[in-house]
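To keep things simple, chains are lettered A, B, C and D as they appear, and every chain counts its residues starting from 1.
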Amino acid sequence: MTAAKSGTGPVLDVRGLTIALPTHSDRPEAVSEVSFSVERGEIVCLVGESGSGKSVIAQAVMGLLPDSLPLTVGQVLLEGEDIAHAGRDRLRQLRATRMSMVFQEPMTALNPVMRCGDQIDEVLREHTALGPAERRAKILDIIREVALPDPERIVMSYPHQLSGGQRQRIMIAMALVLEPALLIADEPTTALDVTTQAQILELIKTLQARHGMGVLFITHDFGVVAEIARRVAVLRLGRLVETGDKDAVLKRPRHDYTIMLMNSVPDFKPHGRPIAPDQPIVLQTKKLDKTYAERGWFSARRVVHAATDVSLEVRRGQTLGIVGESGSGKSTVARCIVRLIDPTGGEVYIHGEEIARRSHRALRPLRRKVQIVFQDPYRSLNPRRTVGEAIIEGPVNYGLSRSEAFERARRLMDLVRMDAAALERYPHQFSGGQRQRICIARALAMEPELLIADEAVSALDVSVQAQVLELLEEIRERLNLAMLFITHDLRVAAQVCDHVAVMSQGRVVEYGPANEVFVSPRHAYTQALFAAAPGRDFAFGQA
Amino acid sequence: MIVKRTLATLAAAAAFAGTFGIPAARAETTLVVVPHSNLAILDPIWTTAYMSRNHGYMIYDTLFGTDENSKIQPQMVGSWTVSADKKVYDFKLREGLLFHDGAPVTGEDVVASLARWGKRDAMGGALMTFVDKMEATGADAFRITLKEPAGFVLEALGKPSSNVPFIMPKRVAETDPTKQITEYIGSGPYVFVKDEFKPGDKAVYVKFDKYQPRKEKPSGTAGGKHVYVDKVVWNLALRDYQAQVNALANGEVDIIENVPFQHYATLLKNKDIEIRKSKIGLQYMCRFNHLHKPFDNVKVRQAVLASFRQQPFLQAQVGVKDLYKPCASMFTCGTPYGVSTGSEIQSKGSMRKAQELLKKSGYDGTPVVIMKPTDLSSIDKLPEVAAQLMRQMGMKVDLQAMDWQTLVSRRAKKDPVDKGGWNMFCTAWVSPDIGNPINNAALGARGAATPWFGWPEDAKLEELRAAFMRETDEKKKVALAGEVQKRAFEVGTHAPLGEYVQPQAGRKAIKGWITSGLAHTYWNIKK
Amino acid sequence: MYQFIARRLLSTIPVLAIVAVLVFMLLRLTPGDPAAILAGDAASTEQIEGIRKTLGLDQPLPVQFGIWLGQMLQGDLGESYYYKVRVTELIGQRLEPTLSLAALTIVIAILVAVPLGVVAAWRFGGWFDRALMGFSVFGFSVPVFVVGYLLVWLVSLKLGWFPVQGYKPMDDGFGPFLYHLVLPSITLSVIYIALLARVTRASVLEALGEDYIRTARAKGLTESRVLISHALANAAVPIVTIIGIGIALLIGGVVVTESVYAIPGLGRLTVDAVLSRDFPTIQGVILFFSLVYVVVNLLVDLSYVILDPRIRY
Amino acid sequence: MAATGDTRYEELSVEAADIRPHETTWQRVKKSGSVRLGGAALAVLLLIAAAAPWLGTVDPTMFDAGSRDLVPGKAGEMMTLDGDLLRHTFWFGSDSLGRDIYSRVIYGTRVSLFVGVVVALLSLVGGILLGLVAGYIRWLDGVIMRVMDGIMAIPAILIAIALVAMWRPSLSTVIIAIAIPEIPRVTRLVRSLVLTIREEPYVEAAISLGSSTPKIMFGHILPNTIAPLVVQGTFICAAAILIEAILSFLGVGLPPEIPTWGNIMAEGRIAFNEYPHTVFIPGIFLTVTVLAVNILGDGLRDTLDPKMAKRI
């Protein structure tokens, strides 16, 4: 064992790992006969869509599997020691000392009621016999190493006082303070904005290089893979379908599934479709404003500017994309246009009719012209109504008889590539992608002129995302719809949009044809944003 | 699991009990009494509540007392004379009477106290209609001059129960009779510790060192009031009957005034506990409301009287044979007035007879609203029995349950039944309070002007009562009492339901406790 | 922070004002006539009328409310119709037993329920968890007075370990004080333990499902440390909240428990006052209890600042 | 699935939306052990309540002082209203008036269940109406919720005691008095559910589909509050049964001749040492009933409203 530790064998060697799922699950095993290894000083990416079992593998390595998911067969060798069958205490000793883990949600992965310094300190107290002064010195060191400013203040801070990126740095500091041989990073940048993500990826790369540890990096984002991996392992439904060097897998995939995935990854290049110039304007906003004022009895009013001076226009048959990081105000604009919230200033014109200030009653006839598809496919449909009921609700509201509405619904199901039998079923019987199709059908049932897609594909796996995007594109073309496409994903925006508006802190910082904006961004923020996009210059699936 | 937990709790509790032990014995002797009710009002003249009366006996003294044979005996009065025309009464107080503040009791105090009492008490009021004037005739003497002779002057002054003419200092007695006194100083055997009085929790009395008891043996509210304990504590918080009995059995209290009948047999068997039955008992009655249908009809009242055999009431309410006895009289059985004259309608009644009478009465099916108290265990079953008997007789009954306080306020209403009035309620009286035609409030018959609820109207009955008041010859008084009662049964003023004794219980270690039944008194007790 | 306290204090005013109006309306519409009650058994109708006048009960309702509110704002809850003393004095006299009972109950409940709840959450689904949940639902279901009678019967009467009734003030010595208070407190704590154990279990369970617990385990911490410093520390806010909300439950239980054990506290005062239609006392007691409830929950709110650094005012 | 070009995708990318195959809510409810246990116990109690006259009972208000204070199992005589003498075995003994405790306990099941169910329904109806109004009509929200806060600041049992004492105690007054303090809790729940659900994307979608406010309220929001409300309803039912018993026990509840468990116990507490069964037998019935309702509620909550199950 000691020989293995000091030796040159892989840091992590997973052999024939099989983990059972509880009975009544859709498949018998979460992970089946998975074998791979992580060498010292390399980053291995474990890639897969949701349900592929990638996080289960990470938990199995750490010995953190829930009782409902027992490890049935296989070995997990950490520096040669089989920890799949090690006792609780031995596992506990190894954690943080020989293997560490960084999780996806920096918001929730840190204990909110404990100071950051104390959370790092816990690791030292648990695993070392250092005195308080030594521990403190070590904590300050590691905080400096993860490039956090003002370590003294950080030590005394609670997690909520830090930004998401800073928190993830604390997580990394905590994981690395005892210099483990293996770092498992489970989607560590997924919850972060793209610019922060770039920084964290850079940090992991730097630290990995400096300490020479092995990193098992789990992600669903092929941009990130392209950015960080040396080797890649692709999972599908708990099975390893392909493994190899990054370039080999991403550029020359052999397995059908991998090929399909690589084809699904949108290119970071504008599609270059010609834009018809003199189509009628469907939507126009002028100096749209939305401010939230928190009122309190005694406290001073706190005013939040969610959107300021937003002026946009969308023409028939064209797609305007609004891109920006979280909190940039892009969704606020969409909700103001649909009048789910009332704008505080400015005007919104639908076909030249001002709607920003209309009473809800007066608004009603115009409602049907603007429809919206939301991000979360699981909450967008009333769980207690059949799909059919959901789709006909709008048309019936506007005077269509139920039978006519159902007829329309059946046609729409065909349009969104679903079986008409689905109309009789309830939303929970469908997958996320299918639900999003249903939502699109529901919006189209109103025969709108403007379709707003508010992060409509963000929650979907890349392959499903590709299908839904394709569908939207097809519909736009066929129905000559105006579309407002809101997304944080620059690749998606590049593929879909004719025009792009980049938003930051409630303002539109750059607005123009997609070709111009993507190819030669002018605003500094846009430039930084695009620069941070992972794997932007990587060509997927091309030999 | 639960059993295990309980056992664990028990073990912990045992350890606990061992650690603390029983509190160490005190040097001074304290008598802990659980009174029959709560003490709310400290002015025994202002209210007729028995608790206030008992409180009065603790701290005040009386001019005369009533002994256990219902004879009037001097208490504060040393000697007295009555003029030949029976119009002038001269009284001299005995020596050594002091109020708790050290001031001697004077004739002026007495006159002021009697004057206030006369404005509140029914018998006192009756006496005052005869009184010409009351005056102090010296530091320790006073005189009562009557307009015409009255046969009940001493009975009134020695009245053992509410309102008792307690003697207070003049400044206190001059309090407006419609307002309550705020200073609680008397010349009685105990001093009231005002600071320790917590309404609903406890009242504390300490021995009055300068009290000089009479030489006679204590008897009833008469005789020497010797005090052998340092302190008497009335536990007003302990009101659950079972808890009272348990506390007595555990020695946590010394006396409980009201032994629930259901515990009588058990307590009798307990070697540490002595049960006391007083000679003087109580009488149950159900009262008709004469103002409204159906009891505005004398025939209906008589039918009900015929059905109201006393046995079922007593058996249901008391249940212990030792403790009750039927009594045909409206006055107290066993006393001179306790005659059965005219009671045949009830005492010889039967259900069949009652049904016949009801048929003839023209009863039209008007439901009888009986008010039933839910929180007075000594009388709460009477209405149930009454309802059942009347139903068996063929009447419609609406038994309405309410707490005693609601009942008390509602029975004062003369309104028709559908406007919050009533037809019947039942209650109990301490025998002396109904012992003669004057103080028996149920016999007043001046219609709506009758002071007590139910408002019968009968001129003849009133005449007979007035004659009784004027009469001074004892023999003729007995005969007149019989006449009054006969007429009352004819009119159907109310239905007497028999007598019972409310047993009291104390620890065996308590000696010399007087349980006359006249009032609850706590002198002469040794612990 | 001070601003927050001031703001929070002021925000209790409308609640208390509404309580005041409710309480007044609630009880002045009663059919029972306090005057008749005060006059006693043998009082005549004229006497009753006189008393009604002296008490101001013949005034129109809004006038009565105005007078009452004015007095109340000066801290004067009026005079008890029944006992003829100031209601504030009455409440003062009854405060000690009730506070002692409530305090001991809360202490017992916290000491028992929190550890049980933590262990149950830790062993979620196991026999201990199911047993505790069983006990908890049982604790909710068994009436306080049945528990009281059972304990009296078993512990006091059959075993003779504790007195059957009564209260000894703290002045009589701490031993007797506790000796008399133990059984009532255990009685009262059953439902509180049930509630608290349940909430502790639920909140610890929820905390255990959070990502930071996974982080803590990934750090190689011992289970006890994970449970206490991480899970329980994060579950503190709901637990403290339920202690505050549970005060209402406790007050309800106090009324019954004091009745079973003959403890001269505010609960007994309430029942007695209701039975004797003692308006000022009922109003005073309800207002007082509401004030306690509001103040306790105010303190609970303030404690959040200490328990959860995310909450800042 | 439609036979189009992208079948290849559908086949390859299986989204594991739910790991477990989907059961309907009703299936889950039926499978819950708690629901079965509580439901079965409750069914038995309901049966007892319905069949009370045929279970060897006599009129629960009938009494004969000659048969008072009998121990369980003893036989005695009772005189009926018609004057007939009836021989009767007192399985649970008789009380101090000579009423049959067995009959009173059996008939008491009716009262307790009735009170529990009606209080639950009343407070649900009141709470739903107020909660919908508060959650949807913003200017009324403040007023309603302040009043609710005020009511909630008064311990429920005090309100109930005061209200029952204020009115003449009867079944309806007791029910209303117990229901009133429960209403604010339902109101709060409904309001918070409304506020949460109205932010749900499917409600926003309905708004953009031009559905009217009542249609949204009753078509989208209310149906989604049903599960937590059913759960809340069972807990209110359990609490109401308990409070009714407490009121009777304190002497401020239903008139004593009405056979309720609280009344039997209140009657029995006077001579608890001698006849502990008069307290314990109805006490057991009461506990079992409340336990059954609570267990049912727990089961429903775990299956219908897993989010709430996590909370408490």
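Basically, contacts are C-beta pairs under 8 Å (C-beta built on N, C-alpha and C of every residue); 3 or more make two chains touch, one makes a residue touch a chain.
In this text the structure is predicted, and so the values were computed from the model without any measurement.
Here the chain at the heart of the structure, going by C-alpha means, is C.
By number of C-beta pairs in contact, A-D leads when A-D and B-D are compared. Note: centroid distance chain A to chain D, computed from Cα atoms, is 45 Å. Averaging C-alpha coordinates per chain places the centre of chain B 46 Å away from that of chain D.
Our note on geometry: chain B versus chain C, Cα centroid distance of 39 Å, whole angstroms.
Per-chain Cα centroids separate chain C from chain D by 23 Å.
Residues of chain B in contact with at least two other chains: 240, 246, 375, 403.
Shared interface positions of chain C, defined as residues touching 2 or more other chains, are 31-32, 138, 157, 259, 275, 277.
Across the assembly, chain D contributes residues 165, 168, 251-252, 269, 272-273 that each touch 2 or more other chains.
Residues of chain C that touch chain D in their complex: 14-19, 21-23, 26-27, 29-32, 133, 137-138, 140-146, 149-150, 153, 157, 198-199, 202, 205-206, 238, 248-249, 251-252, 255-256, 259, 270-271, 274-275, 277, 282, 285-286, 289-290, 293-294. Chain contact summary for the complex, chain B toward chain D: residues 240-242, 245-246, 260, 262-263, 266, 312, 315-316, 319, 351, 372, 374-375, 377, 380-381, 384-385, 388, 391-392, 399-403. By the touch rule above, chain C contacts chain B in their complex via residues 31-45, 47-48, 50-51, 54, 80, 82-85, 90, 93-94, 131, 134-135, 138, 152, 154-157, 159-168, 172-173, 175-176, 178-179, 182-183, 186, 259-264, 268-269, 272, 275-277. Listed in rising order, the residues of chain C touching chain A in the complex are 3, 6-7, 10-11, 210-212, 214-222, 225, 229-230, 233-234, 236, 307-310. Within the complex, the chain B residues that touch chain C are 1-2, 5-6, 9-10, 13-14, 16-17, 19-21, 23, 38, 40-42, 47-49, 122, 162, 178-180, 198-202, 235-240, 243, 246-247, 250, 252, 375, 403-406, 408-410, 412, 414, 420, 427, 441, 451-452.
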